[in-house]
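Listed below are the structures to be examined.
After this come two complexes, each holding chain A, first together with chain B and then together with chain C.
Coming up: the complex of A and B.
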């Protein structure tokens, strides 16, 4: 009895319908082109062997959004939003490339002179992005500025900062350790997937094995009661925004590594909305409170699957956005409360009928 | 002519695991105030929610003026003439009084809202309620009493036949309650049937004509108010002998017990004035006074919610600076706030999480309690406080008010405090739970803990306190012995501000 009820609760949950939606989209792809779901092991020119196929591609390419969306889940659970993440992706790329191509600035003749500051090219962007996250968090926690306004500052300013860092130039690099971040693979698994897995597990462990997750939910549900119960909501808010900034930094490194370049105008463009969408599809409410990191991963995969599907079937690039919007609209309708309840009720009724027949 | 306006017969409704209503009958006459009574979870709210279309009943019929109805939502119920004013004023605090009264049915003129007519009619309606207010004021800036009247004005104006008042008096002071009663009598004269839900038994006797008592989802009986006395009523509500409740004995702190808390002249200018008092180990100090007399403000200063700009707080002989509630918790203090919905419960979290929250807060999130530890702690307090919940994983928001209050108490007891500050812990909960909380406070004192007990109900203050501090106009008016008579306290509360007199 109890298990049946729990099962029913899951059936009514948004996460369940997100998973259903993901499988439906994959199924549509499979029906249209059976090779949509095939995975092969290919050998590249340099002899490395890499897993290849659309499912792998979906996992690989969803890395940037999944990483950011981990942080965004906590931000939204606190009842906030962070719209600066896309700009931070651009900042991370700009700083990384600045360090990788300091030769351009020092030597007059062109060429890949030195890549000695590789450590800095990784560490500095992450630190700067984390500090920018802390800046967001401080505005929100200390000055009580509304999150969307507070993060708007860096959303607008971030790309400008990225431009200033590189003097408005676009650098490229062929330094292979850097290119490995976005393009390399270990045991055939693309490196971005590995980074994502490590980060997702790390965040999940941090949030659920400590009491941090409960504190975030508590502050998100009832800030006043949380404070009276002794929670330091300011600290919690600053940690969450700092983490989100840091994760945007990782995302930015992957992005710039993929294109071996920095692109202050287009890097991470629209990521904030994709990340928010991933969180919401994953079942976390925009009003804050209870959250699901696993749901967010599913949400991010859905967004990437849609994009892949639309591109795979050669929809003209102008129409991609419209198609994407259409499918997302279907997913969200499927998840809406009246629809979920209606379906759960029908199933309940069917169960009752079956039960009745068995007794008869 | 006393004719039946509303009749409910054989009402039944079941929620997972409980029968919330079991063959309940209810009749409401035209022009009467009918009190609906019962402990928390007795089924009062469920019955009302069936009537207003929030819940679907499993069986039963509702007859409104002899015609069967089955409203499927509140709007439909309202169209049929059944209006409800809920305990928590559910209006929009950022709109004006007039807008709130007319929201959704604003008078229109040429496709636009006719502000002039709207404000004029709103003024008239509030005037009928005996309220002379500027209806263009934002509702949030008005007192709770005005907000309440606005929601009644709104409810009554939609040609209501039946008016349901769900705990309308729980946040009103004595004068405001009297005012509400005048309005209720007035509406009664106009032929409305009023269903009045309350926990204040005195008010039941003051205003109602008849009353219906529910217990555990079943009908206990329907009585003429004039033919039942308080003792019989309480006994029928809780189903056990009332004398158990009144046999509480005061705490007996030792003569030479050490001071737990010394407060010397603390205050915030223009808010609370110099407050001084002390609390001994094992002592229960009561705070009496009207709402807004500075009781809650004092408690908030003691708990680091607000910060006194002068004076000293000494805990266990050590002077302390309380920057945040956490500092107070670390000094072994605990604070159950007045507004448990806003400042107390974390509705979407489970009973277990709510109970362990404060303990966890003192440990910091990096040192989590083991799941098993949490479960033991939660189960322990569910048992001690007899919190009625199927299990510790239930969402707190789904429990009844009294049980929510017990969960908050459990959260604080779990921190093993030396000093417990309770701000109106018994408001809005039933007689049975009230007695349990009073008994619990006294038991704590016996165990050598100290309690500061804030309440608007003088009889419970007198019943429990060793000493009573009376607050008036944001300062301490008097400190009295625990054996003081009610009349004496009332005299102090009601007397004029001394400073004004001497000026």
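Coming up: the complex of A and C.
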């Protein structure tokens, strides 16, 4: 009996429908062309062997959004939002390329590589992005500024800062250790997937194996009650926004490594919306409180699967936006409470009918 | 003593500056790319070389900022206005105000839409010819295929388009398609937008490679997308420039580097260097010459690994990228 109820609750949950949606989209792709889901092993020019196929691309290219969305889940669970993440992606790339620029000036000139600039090119962007996250968190926790306003500052200003750092220029690097972050692979698995896996597991462990996740939910549901019961809500808010900034930094390093370049105008453009969408599709409510990190990963995969599907099947450029919006609309309607309840009710009715017959 | 000397020199410079014949107001879109930066630098340098005054405004990609800048130019009473619009519509009113103030208007790079051009007065216009750039990409591809002896083979071609709705994207696409009609062996099997960015050029090419077994030629509406695609091609275990012929557009230094490294095959030039055109035009206007209202396109080249490939209907020959890279400014 209890088990059936739990099953029903899962059936009613948004996460269940997110997983259903992901499988449906993949199924459509598979029916249209079975190749869509094929994975093979390819040998590259330098002899490394990599996994090759659309499913790999989906996991690989969803890395940037998944990483940011991990932080965004906690931000939204707190009842907040962070719209500066996309700009932070641009900042991270700008700083990284600024440091690499010291050694590797042009495409064809192999520089005198030293460990130092590479270390700085990784560490400094992450630290700066974490500090920018802390700045967001402080505005919200200490000055009680509404999250959307507080993070709007860096959303607007961040790209400007990125422009100033690189003097408005786009640098290109061919420094292979840096290119490895976004383009390399270990045992055939693209490195961004490995980074994402490690981060997702680390965040999940941090949140669920300590009481931090419970604190976040508690602050998200009722900040005043949490404070009165002795929770330092301000500290929790600052930790969460700092973490989101840090994760945006990792995302920015992957992005700029993939293109071996910084792009202050386009790097991370629209990521805040994709990340929020991933969180919401994953079943976390915008009103704060309970959250699902696993759901967010599924949400991020859905977004990337749609994009990949659109590119793979060559939807005409003019129709891409509308087509994506259509699929997302279907997913969200499928997840809406009335629809979920209606489906669950039908199931219940069927169970009752069966039960009734048995009694008779 | 030294200080006084400096002051005197400064004062003299100020005097000569205010005594200079011409003040030009320049409303620039913003600094969204290396191309744009080179464009601004070229115009600034050319005006400085003439010893004229420049009132420069960076609109940060916003139309309302440009409208404000143009009105400021009018109230400051500049002698000439240089203008490139972030979008092509909605300029009628403010440009008519410029006309009413009787300040000669020079259009550079991005033009307002045709109805606006018909409705307003301007003394000169300099802009790129996107359709011709598209044609040249296709011509280069066709002639290169012939050169490597594959003219009789069916070649599969994919296109990375620019931002949907942008003049540069629709123009280049139109030109490409127009020329390809004459080469039935070059078959377009996929064409999608990569939004003019490296990152999207990379992901779209990645999908092209998964969806199509055989891709022989890539035409990218700009070099950034081509450079992004190069990474995807390498990640698919293929040799960019060899297994897939890659042609880009714009011709910044990064594209030259890629051509020399053998990752790209060619790039069609779209020059941002409008400075000399503008100062020449102003000089002619001062001398009382009348200029035509037709848009003047700058001379532009094509650059590749070896040079000598015909890239236009009138038989222009491409140049070797390695020979000219050192003279590139951007």
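By definition in this document, the second predicted complex is superposed on the first by the 338 of 360 C-alpha atoms of A that agree within 3 Å, B and C clash if a C-alpha of one lies under 4 Å from a C-alpha of the other, contacts with A are read in each partner's own complex, and residues count from 1 in each chain.
Just so we're on the same page, a contact is a pair of C-beta atoms (placed from the backbone, for glycine too) under 8 Å apart; a residue touches a chain by one contact, two chains touch by 3 or more.
Everything numeric in this text was worked out from a predicted model, so none of it was measured.
Undergrad: Kindly say whether there is room for both chain B and chain C on chain A in the superposition, answering fit or clash.
TA: Result for chain B and chain C: fit.
Undergrad: What is the angle, as a multiple of 10 degrees, that the CA centres of chain B and chain C span when seen from the CA centre of chain A?
TA: With chain A as the vertex, the angle is 130 degrees.
Undergrad: Considering only the touch criterion stated at the top, classify A:318 as touching first (chain B), second (chain C), both, or neither.
TA: Second partner only, chain C.
Undergrad: Pick one for A:169: touches chain B only (first), chain C only (second), both, or neither.
TA: second
Undergrad: In the overlaid three-chain picture, which partner chain does A:136 touch, first (chain B) or second (chain C), both, or neither?
TA: After superposition on chain A, A:136 lies in contact with neither partner.
Undergrad: Should A:226 be classified as contacting the first partner (chain B), the second (chain C), both, or neither?
TA: First partner only, chain B.
Undergrad: Who contacts more of chain A, chain B or chain C?
TA: Tallying touched residues of chain A, the top partner is C.
Undergrad: For A:308, decide between first (touching chain B), second (touching chain C), both and neither.
TA: In the superposed model, A:308 contacts chain C only, not chain B.
Undergrad: Determine, under the contact definition given at the top, whether A:53 touches first (chain B), second (chain C), both, or neither.
TA: Touch status of A:53: second partner only.
Undergrad: Minimum C-alpha distance between chain B and chain C after superposition, to be given in whole Å.
TA: Least C-alpha distance after superposition: 34 Å.
Undergrad: Under the contact definition given at the top, report the residues of chain A touching chain B in one complex and chain C in the other.
TA: After superposing on chain A, no chain A residue contacts both chain B and chain C.
Undergrad: In the complex formed with chain B, which residues of chain A make contact?
TA: Those in contact with chain B are residues 5, 209-212, 214-215, 217-218, 221-222, 224-232, 289-290.
Undergrad: Spell out the residues on chain C that touch chain A in their complex, using ranges where they run on.
TA: 31-34, 37, 161, 164, 190-193, 195, 197-199, 202-204, 206-208, 210-211, 227-228, 231, 234-237, 239, 253-254, 257-258, 260-261
Undergrad: Show which residues of chain A lie in contact with chain C when the two form their complex.
TA: Residues 33, 35, 42-45, 50, 52-54, 57, 61, 106-108, 163, 168-170, 172, 183, 255, 258-261, 263, 265-267, 307-308, 311-318, 320.
Undergrad: Along chain B, where are the residues that touch chain A in the complex?
TA: 16, 303, 305, 324-326, 329, 335, 337, 342-349, 353, 357-358, 360-363, 365-366, 368-369, 411
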